[in-house]
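Both complexes shown next keep chain A, but they swap its partner, so chain B is in the first and chain C is in the second.
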Partner chain A sequence: MNSLRTPFGATIALLSVTALLYLIIPIAVVLIAPLGETGYLSFPPKGLTLKWYQAALADSRYVDSFLNSLWIAGWVTVIATLTGVPAAYALSRHAFPGARALEALFLSPLILPTLVLALGLALWFNRMGFVAGTPRLIAAHLVLCVPYVIRVCLPVFRRFDRSLEEAAANLGARPLHAFVLVMLPVVRPGIAAAATMAFITSFDELVLALFLADPARPTLPVTIYSAVQLGFEPTVAAVSGLLVLLGTALLLILQWLNRNASQ
Partner chain B sequence: MTAEAEIRLDALCKHYGATVAVHEVSLSIAKGELVALLGPSGCGKTTTLRMIAGFVEPTSGRIHVQGRDITRLPPYRRDTGMVFQNYALFPHLTVAENIAFGLARRGLARGLIRSRVSEMVSMMRLEGLEDRLPQRLSGGQQQRVAVARALVINPTVLLLDEPFSNLDAKLRESTRVELRRIQHSLGLTSIFVTHDQQEAMAIADRIAVMDGGSVVQVGRSADIYERPASRFVAEFIGQASFLSGRLSSIAPDGDHQFVAPGGEEITVPASRCDTGLGTNLPCTLMLRPEGLTWTSAGTPQSLSGTVDELSYQGPFVHVDIRLADGQHLLMEHRSAAGPAPARGEAVGVRIDAEAARIFRSTTTA
Partner chain C sequence: MQGIGVGRAQSRVQWVVIALLAPCLLAYLVLFVIPQVRLLGGSLIVDGSPGLAHYQRMTEDGYYAFLMGRTLLAGLGVTLITLLFGVPLAYWLARMQSRWAGFLVMVTTFPLLISAVVRSFGWMVLFFRNGPVSQLLMAVGLVDGPTQLMYTLLGVTIALAQVLLPLMVLTLYGVFRSIDPGLESAAMTLGARPTATFFLVTLPLARAGIVAGSLLVFALTISAFATPSLVGGARANMMATAIYETALELLDWPFASALATVLLCAVLAVSAAYAVLVDRGRHDRPTAS
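The block that comes next holds the complex of A and B.
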């Protein structure tokens, strides 16, 4: 706190506060704006009502696409974790020929612009006769999410102390037991973070969904995007506000779980 | 001893490409014996231990435990208990769960596991810590949990990889005495790896000194200290001075006559000399600091020089003596015998042939 008195410390403090406000204000606006009574979005809101939030929750377009997104993101998370974790494990353990090239290949979808990926996938899927629908979007999201899982898990697995596995083997644990009883619990926070990343990426994803989703069953980002194109009605902001609340709640639950686990 | 050897290593080799980590290590260890693999880092001692545990597959050679060839057995079938250098305690399991791990893998009944764990907890003085996670234990407690976890499975051999290196000096001493006591009372065959020669001498029944992947000498602490097989062993174990010189003659009774560059002559019996030494060839005289006594300059079997440096050690003073030819000699002066000579003083030291040894000169000498 003493550093606040020096010009350097004061500058740092000012910069930090500015950065924090810069991050928080848009979120606050999204939460507060739909509380206004007017039929258009304005900030600060005029009057105080929950009717736009109620309208959002009652609107089947939003509720259906929310459930659809949840369903897709759920599958993507499960499949991406089940494939990404073993891939990261193999990459962290075995120096097989081409491992480096494979690692780069797995990470390439993260570097590629999503629009390029979406176009390529759309063309290719059509050619393959893979019709629009939930499985097609799940497949597309996996191209994006498996690399995320690998990216998050790889350093965690590389940092894992291998003498723990040796100790397990030394005490009589077969390789599978050693993995399940020792490695998995130790790297679990890393895997949980990877799964969360996969879920958020899929749930939040717009471009691939625009190109590849079944038009009759849009995801939530697509529904919000279409609604915004028609004008800033307060219901859209209310949906966004609800998503912020949901995200915050999930974050708090995760932290609470982690704290309980570490005690 | 080979017949009833509990553990037998037969020409064990480990090569990594062109690099030789372990070269033809053969060693027999009797039941209940505590053997130290001693050497500088990179000498192959840890690799040898890891081959016995099954973590490293030997390039060639055999490992027999109780007459059974276990060379190709996976680690989880070997029945060796290992204490890792970093202890490798499972961070997500409590002390009791860590200790129970090996018993649970052996499919023991819950009640039996519980009683064996509590037995081990009291033997290793871990009472009250059963429900703690490893990260909330002190270094000494972690080390005891690691030992308990390895002992509880009743291993045929206990393997210890630098088990004391992460403890502070005071704790290290008491811990090794305690480990020695437990090892004795259980009659447990043990192999431990260390780079600390004092530690090895203090607790091992026998020491295998390793260098460059090979065992260069095996024997009891006293054997190795008093009769080092090479200059490397003499240098690595205990303190010693090495003087270059030559042999003037070898008497018919075997007495070797060493001539220092200053002209003084020292007689060393054949039993304390390398074989194949020849007169007038250069050689090295090794002297242990405690084998030297003060004498007046010029008496037979003595060297003379001036005191260069003194370092007080409590029960004795280390005196660094510079000989006329510039070579240095380390002498141990017992504090109880009165004050040590002052710096710059001219002194003579008598050599006790029993603490001396003559080696062939190597290129490094």
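The block that comes next holds the complex of A and C.
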């Protein structure tokens, strides 16, 4: 049915290849445009140089906000995993009244506009006198990242064969031991995928950071957002290009985790 | 004796469940429930006393109806574009026998790992006056002079559709994979042409997934901020960018809260429809397969 020889198969293939190009071209542009030698951004680039990439790596604005984003995303990942994994475990193992409503509550921040979350949090934090930029941004990112951890972990925990845990319990293992020794080795790739999702979400997040980050210590998406609005300097394109390379590296890590999970 | 033991074990299980859920519940209460309820409440307070003045202002000033209309129009446009490309791509990937299939699924999900800010920046480079898109359109003779898709709703729609396309494809990929290819072969054995088979057999079976994917993309489009802000700017404002300006540039937080509440209600309506459909799909599945 997918044969290229039928008009139908050819149409499907043509639209699919167009879709793939549509997905990839804007990202490729970001990677290639800063290779040009001109002091303004043009595409296709004129000449070939790595000087803008070098300039990006030497620019303390970008390096500092990159490190700040890493720091924030690191804390968010640790806290979101430690909060979300136990909750997902409880939801997957115990049927109690209101469990489905609780699951819906836990996942609901994923569908709400981040801007609305940001507005509510900014008003609430100001009211509470919680003004320290970095800690309150970490707290705010938990609202987006804990739901991701729960959403990724729930199906993994539900798929886990419960009789293995029961067997461990029958052999005298306490629940925590049964979890750590029997379940954890099996679900670990799932938890790693959830943590990676939390990290990417926090690292790439723009809106909460615009509202809540310390103005003196912006995150990388905020720095890029502000720079792009001011003009098309090749350095900011190079920073974006470096983020594309980082995304590629993360993709390979996720692929590797997936392969381990399916084995 | 045994009864007491079971009772004790059960109450211990209850405490374990509560202890496992407590940190998460506390975080949601402090960081999600209270701020959002206060946001809704704040939009109903005018100069210290309850009132609907913020909402009245929204209905009296035609600009906000226009803004909402434009946001919904973008939602519709993005949904249609993601369907046009998402349905064939997801179907193609789901039925692909080649060993490239895994790699191509990876390519499709790859943009999700790149910040929307960076992807929007790519579109800005492509869209700018005399940029590659303008030159391409001139070369094929679609336009006479240099065109500018920056700061237009069309540009925002094209860019947002690219940002959200992977989610549509991932949703539909799972749906098409769950449809037995044997049904398609059966239809073709009975004489249906491939096109007829696709539209009369495959698509009806995928209907629930297509509607779910569309609602997801629609909800995310009307909530989007980064792409409308960068590609659209002030000249192609949407709800989210207007809320941002009202709060952080005009510092009119109560009115921003009212606008946010309207956007929230629109998104909740879409996701309620989504939840009903997904739920129905879950109940339908045993009879459908």
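Criterion: the second predicted complex is superposed on the first by the 246 of 263 C-alpha atoms of A that agree within 3 Å, B and C clash if a C-alpha of one lies under 4 Å from a C-alpha of the other, contacts with A are read in each partner's own complex, and residues count from 1 in each chain.
Note that a residue touches a chain if its C-beta (ideal position, glycine included) is under 8 Å from a C-beta of that chain, and two chains touch if they have at least 3 such contacts.
Since this is a predicted model, take the numbers as computed values, not measurements.
Q: Please work out whether A:Gln54 is in contact with chain B alone, chain C alone, both, or neither, and reply first, second, both or neither.
A: Neither chain B nor chain C is touched by A:Gln54.
Q: Where does A:Thr38 make contact in the superposed view: on chain B (first), on chain C (second), on both, or on neither?
A: Neither: A:Thr38 stays clear of chain B and chain C.
Q: So in the superposed three-chain picture, is A:Ala168 touching just chain B, just chain C, both, or none of them (first/second/both/neither)?
A: Only chain B is touched by A:Ala168; chain C is not.
Q: Which partner, chain B or chain C, touches the larger number of chain A residues?
A: Of chain B and chain C, the partner in contact with more residues of chain A is C.
Q: Share the list of chain A residues that count as touching for chain B in one structure and for chain C in the other.
A: 175
Q: Considering only the defined contacts, which chain A positions touch chain B in the complex?
A: Contact set of chain A toward chain B: 161, 163-164, 166-175, 177-178, 181-182, 185-186.
Q: Residue numbers of chain A touching chain C in their complex, please.
A: On the chain A side, the touching residues are 1-2, 6-9, 11-13, 15-16, 18-20, 22-30, 33, 41, 43-44, 82-84, 86-87, 89-91, 94, 96, 102, 104-106, 109, 111-117, 119-124, 127, 139-140, 142-143, 146, 150, 175, 200, 203-204, 206-207, 210-211, 221, 224-225, 228-229, 232, 236-237, 240, 243-244, 247-248, 250-251, 254-255.
Q: Taking the touch rule as given, give the residues of chain B at its contact with chain A in the complex, in rising order.
A: Spelled out, the residues of chain B in touch with chain A are 53-55, 74-78, 80-82, 84, 86, 88-92, 101-102, 105-106, 149-150, 153.
Q: Quick check: in the complex, which residue numbers of chain C touch chain A?
A: 13-14, 16-17, 20-21, 23-25, 27-28, 31-32, 34-36, 38-39, 42, 84-86, 88-89, 91-93, 95-96, 104, 106-111, 113-119, 121-126, 128, 131-132, 159, 162, 165-166, 169, 181, 184-185, 188, 193-195, 197-198, 219, 222-223, 225-226, 229-230, 240, 243-244, 247-248, 253, 256-257, 260, 263-264, 267-268, 271, 274-275
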